[in-house]
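A, B and C are the chain letters, set down in written order, and residue numbers restart from 1 in every chain.
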Amino acid sequence: MNMHTTADHAGANHMQPPLLDVRDLTVEFATRRGTVRAVEKVDLTLAKGETLGIVGESGSGKSVTSYAVMRILDRAGRIAEGSIGFAGIDIGKASESDVRALRGREMSMIFQNPRAALNPIRKVGKQIEDVLIEHVQAQPSDAKEKAIEVLKAVRIARPEERYHAYPFELSGGMCQRIVIALALACRPQLLIADEPTTGLDVTTQKAVMDLVVELTRERNMSTILITHDLGLAAAYCDRVMVMEKGKVVETANAEAIFRAPQHPYTRKLMRATPRKGVSLRDLLPEDAAPAAAAPTAPVKGAGEPLLVVENLVKEYPRQAPTGGLAGLFGIKGAVADPFRAVDGISFSVARGESLGLVGESGCGKSTTSMMLMRLLDPTSGRIEFKGEELSAIPAKRFAGSPWRSRIQLVFQDPTDSLNPRYTAARAIADPLLRMGSGLAGAALRAKVEDLARLVGLPVNLLDRFPHQLSGGQKARVGIARAIAPDPELVILDEPTAALDVSVQAVVLNLLQELKQRLGMSYIFVSHDLEVVRMLCDRVIVMRSGRIVEEGATEAVMAAPKAEYTRELLSSIPHPPL
Amino acid sequence: MLKQIVRRLGTAIPSIIGVIIVTFLLTRVLPGDTAAYFAGPAATPQAIAEIKATLGLDQPLPVQFLAYVKDLATGNLGMSLTTGQPVFEDITARLPASAELTLLGLLISVLVSVPLGILAAVKQGSWIDHLCRIVATAGVSLPVFFTGLLLVYVFYYKLGWAPAPMGRLDFIYSAPDTVTGLYLIDSLLAGDIEVFRAAWSQIWLPAVTLAIFSLAPIARMTRASMLAVLASDFVRTARASGLKPSKVVMGYAFRNALLPVITTLGMVFSFLLGANVLVEKVFAWPGIGSYAIEALITSDYAPVQGFVLAMAILYVLLNLAIDILYGLVDPRVRLEA
Amino acid sequence: MSLAVTETAPKDSLFSHARHIVAENPVTGIAFGLFALFALAALIGPYVVPVDPLASDTAAALQPPSAAHWFGTDQLGRDIFSRVVVAARLDMIIAVASVALVFVAGGFAGIASGYFGGWTDRIVGRVSDTIMAFPLFVLAMGIVAALGNTVTNIVIATAIINFPLYVRVARAEANIRREAGFVQAARLSGNSEMRILLGHIAPNILPIMMVQVSLTMGYAILNAAGLSFIGLGVRPPTPEWGIMVAEGASFIISGEWWIAFFPGVTLMLAVFCFNLLGDGLRDLVDPQRRT
């Protein structure tokens, strides 16, 4: 098989056939509940050098489609119908050894969660060598040299050193570069990138995407980018294909799909994607009934400071390496400089205000919210709430304090934050029972039902257990539980990070509405500036435990002062409008 | 590398201290009064008190403990009333017999169970998978002394393929010169094939009994960890890179799947050393297990204590070996240390 | 509210899941049947056996299985079938008592050490590490030899050697839940630490502990039988499976297989049954398999 010459030859010909030509692809999975069609009658073409985005929410079949193309479906899945033509070869009918020869050499794939995608106990250089040797791109004698070249190609600094590294010694972004190196080592014609940036920080995200684009352009490769993020797809792809429940609903040019989406689902998805210049309302589908102008509770003493934080510090001891006999007997080495997760931050939140707390992973925003929640004791500094110094009450005893009900939290992961053995009603009732509402029996039930209605959770779902609820429903239960004790300050810890964008849109609107109704203050912790802009009055940008910028959200977004904020803003993928 | 071994030796120290404390406590709560036991049934209270004083039993516990540790350090484990020999000598003389049996049992077991577990995971749902699951559940349910008896009935009484279950070597042969103490190896070193055959014919049945017993946990863990690793992201990457199935399964998946299997070996050794006692009784194997059982029957406690201590120290050392092996396979542990 | 959800969620109940597991794996059903049989033998065995299990009849010694003696007779002419049935009670009592003991002690120590960490964790960890430093059966031998050769001491020794297993499971489960979202949420709802431990964490750990109970029941029976096989604990002529196998052992080489065979097979079935039940229970509570 000599694909390169065939392709080059075709390249000279202007009437070249598409590199990838998928027709009527149907993929079925055998499950306990019978056969499930994950992908149904999908058509897809991809020209040489073209970049196609496949966009959809979880369960849309976007990943399954690409696995079918590579023929790496797991045991339960099979291609039921249709054909997959790749450079003139019918992938569906080719023998396993023929397809294997194509994988890695002519078509490659990069995955989300790069660290897990690498063999944890093999040197990364060796993993690249394995691929090179498998596809006869290198001999054992020159493999190392070539592997280092490949590392160089993905812009890895000090490649000779990195060759000997194990995945756990590298950062997430670095691991993703290795995965890209692995995929591109044999200079394939097709690259499939399956959510390549999910789980990476925004700045790393941009660097990784830019690298992929640069390398694939340079080599005139075809690329399929699979993502849930319409913005990302539109920013980096020539064409975008939208999938819903295993079917293609629309395929169009990236620009066209944003300017004039045809299919209702695309419109809904597009609307739900947070982007420049839109409000929370705009995220909801057009046909959603307009909110009956939620009765806005007049906030008592609006503008007065509710929470004042001064010089808050959280240090963690960094254990110095212990050696020799001291180590044997468990004697800890001399204490090195402690690690400062939060390094002296001060800010305040006014009544009725919502404050955004933005930063990348490891910037100290989660530690800060844990301290504000009084689940964690600060090393030093003050937390003052309504003039009372809360930091004086140790976290261990805070559960019994009357202040407990005043500050509540909505968790990032709605599944993890619900007790699997409590029904939704029991979960919502928990704070009412523990914090002396005095409610019981029918009165308690009535209150729980009121709360459920308030957060838009159908009352008939109240007796279900968490595993019987969808992600959005669980998020609502979590919100209802947080507002049950009638708190004055609610901390929202990335409350939509685990949700699909259309559900995110609904939940964000719900949160906004609740705030207006109940007159609460919010601290919204997020990595997503675009979402923060829509929900928050003011924003604080954190990095390495410090505040780098603070100000009114619109002002910060329009004219960032700090270099880091500018970097964050420029990393957000913008569709070509 | 040497540094790591030293470091791991260090982690074994607390275990050894714990073992010594527990065995000391066990000697102090022995049934009846040790002094009264030594003095004989007709002793006067005064005679007992005298013996107590000579044995140091009237001293406070910490002093007694120090004396105990001192004895241990000098290899003094007391005298066996049955053999009339120092316990330490008895145990060192009998240990190779137990070690040979246990190690051969483990070797057979690993040679069968690891491939079985891998095949079961790779061909999930096939007959070999079902076989593996039956072996895994049935294996742990078999009382090892019962399996031994069944095998003796079938292979000695019915088929005559094995000699009578009476020790390490038929009396017509003399034991090979001691080098390692393991007859199989020593006979080969001496170039005496006939003795090797005779030793093999005696050992294979008890070794298979032990192997059947320890097959189950290893096969089960191999299958489970192979399944988990085969479903992992990096195996998918390897497949998507077009690596050969053999390379994916053996080079990528197996080495990772080995880690939990190595950890399981610790538990398997615990079972094996216990099962060894029972198997030695069934096959009249002259190891330290049957030594302890004989002593138990005659209420001769010093050998029992010596046996418990020897087994525990042996087990701590085996765990140490497992830790070092683990560190060799897993770079993460290596660099953390 | 205008934002009503239209998402669907899976419906599932424990009961239908249990039915599914039995349907998928009929072996679990068989195990339940066997378990009922053993429980019945333990409860009413001594009242229904055909022959007095202790009555010897040297004239009828060493008879192979027949219509009169289903499992044959031993060297003293005692009816092996009756002895096997009656032994169920003693073996079950030893297993249940030792497992109950270790379930309470090990379970509580494990949950507390996993949840509170610190000194509690260090002490509990040190104790179970020390136990684990011995080959377990050997330690049981040492304990019974030291404490005295009685059934109670067999129970205690069996509980002690199982202690680390319970601690490990309970500790790991409590530890992963210590910082789980729902535990944090319970703190925010004003629950005290003790209430979180008993009301939120313990109920979530209970199913996994029940699996452990079932699996260790089998191990406890094996361990007790092993001890009596080498002459510890139960003394003849009391009928007990391990000791009966030991009594039959010397007759194997002369071909009288039934004396050791029937008690041995019964013992094996009992252990097998508990192991299968444990596997079945694990499938039932393992969220991984609940799709």
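Convention: a contact is a pair of C-beta atoms (placed from the backbone, for glycine too) under 8 Å apart; a residue touches a chain by one contact, two chains touch by 3 or more.
In this text, all values refer to a predicted model and were calculated from it rather than measured experimentally.
So which chain is the furthest away from chain A, centre to centre on CA atoms?
Result for the farthest chain: B.
Max contacts between which two chains?
Chains B-C share more contact pairs than any other pair.
Cα centroid separation between chain A and chain B, in whole Å?
Their C-alpha centroids are separated by 50 Å.
Averaging over Cα atoms per chain, report the distance between chain A and chain C in Å.
45
On a C-alpha centroid basis, what's the spacing between chain B and chain C, in Å?
One centre to the other, that is 23 Å.
Chain C touches which residues of chain A in the complex?
Residue positions touching the partner: 31-32, 284, 288-292, 373, 375, 396, 399-400, 404-405, 408-409, 411-413, 415-422, 427, 430-431, 433-435, 453-458, 461, 464, 467-473, 476, 478, 481-482, 485, 503, 506, 509-510, 513.
Which residues, counting only chain B, touch chain C once they are in their complex?
Residues 14-16, 18-19, 21-23, 26-27, 29-31, 137-138, 140-146, 149-150, 152-153, 156-157, 164-165, 269-275, 277-278, 281-282, 292-293, 296-297, 301, 304-305, 307-308, 311-312, 315-316, 319.
Which part of chain A faces chain B closely enough to touch in the complex?
Against chain B, the touching part of chain A is residues 70, 72, 74-75, 100-105, 108-109, 111, 113, 116-122, 130-131, 134-135, 166, 168-169, 179, 182-183, 327-329.
Using the touch rule from the top, collect the residues of chain C that touch chain A in their complex.
Per the touch definition, chain C meets chain A at residues 1-5, 7-12, 20, 180-182, 184-193, 195, 200, 203-204, 287, 290-291.
Show me the residue ranges of chain B that touch chain A in the complex, using the header's touch definition.
7, 10, 13, 124, 231-234, 236-244, 247, 251-252, 255-256, 259, 329-332, 335
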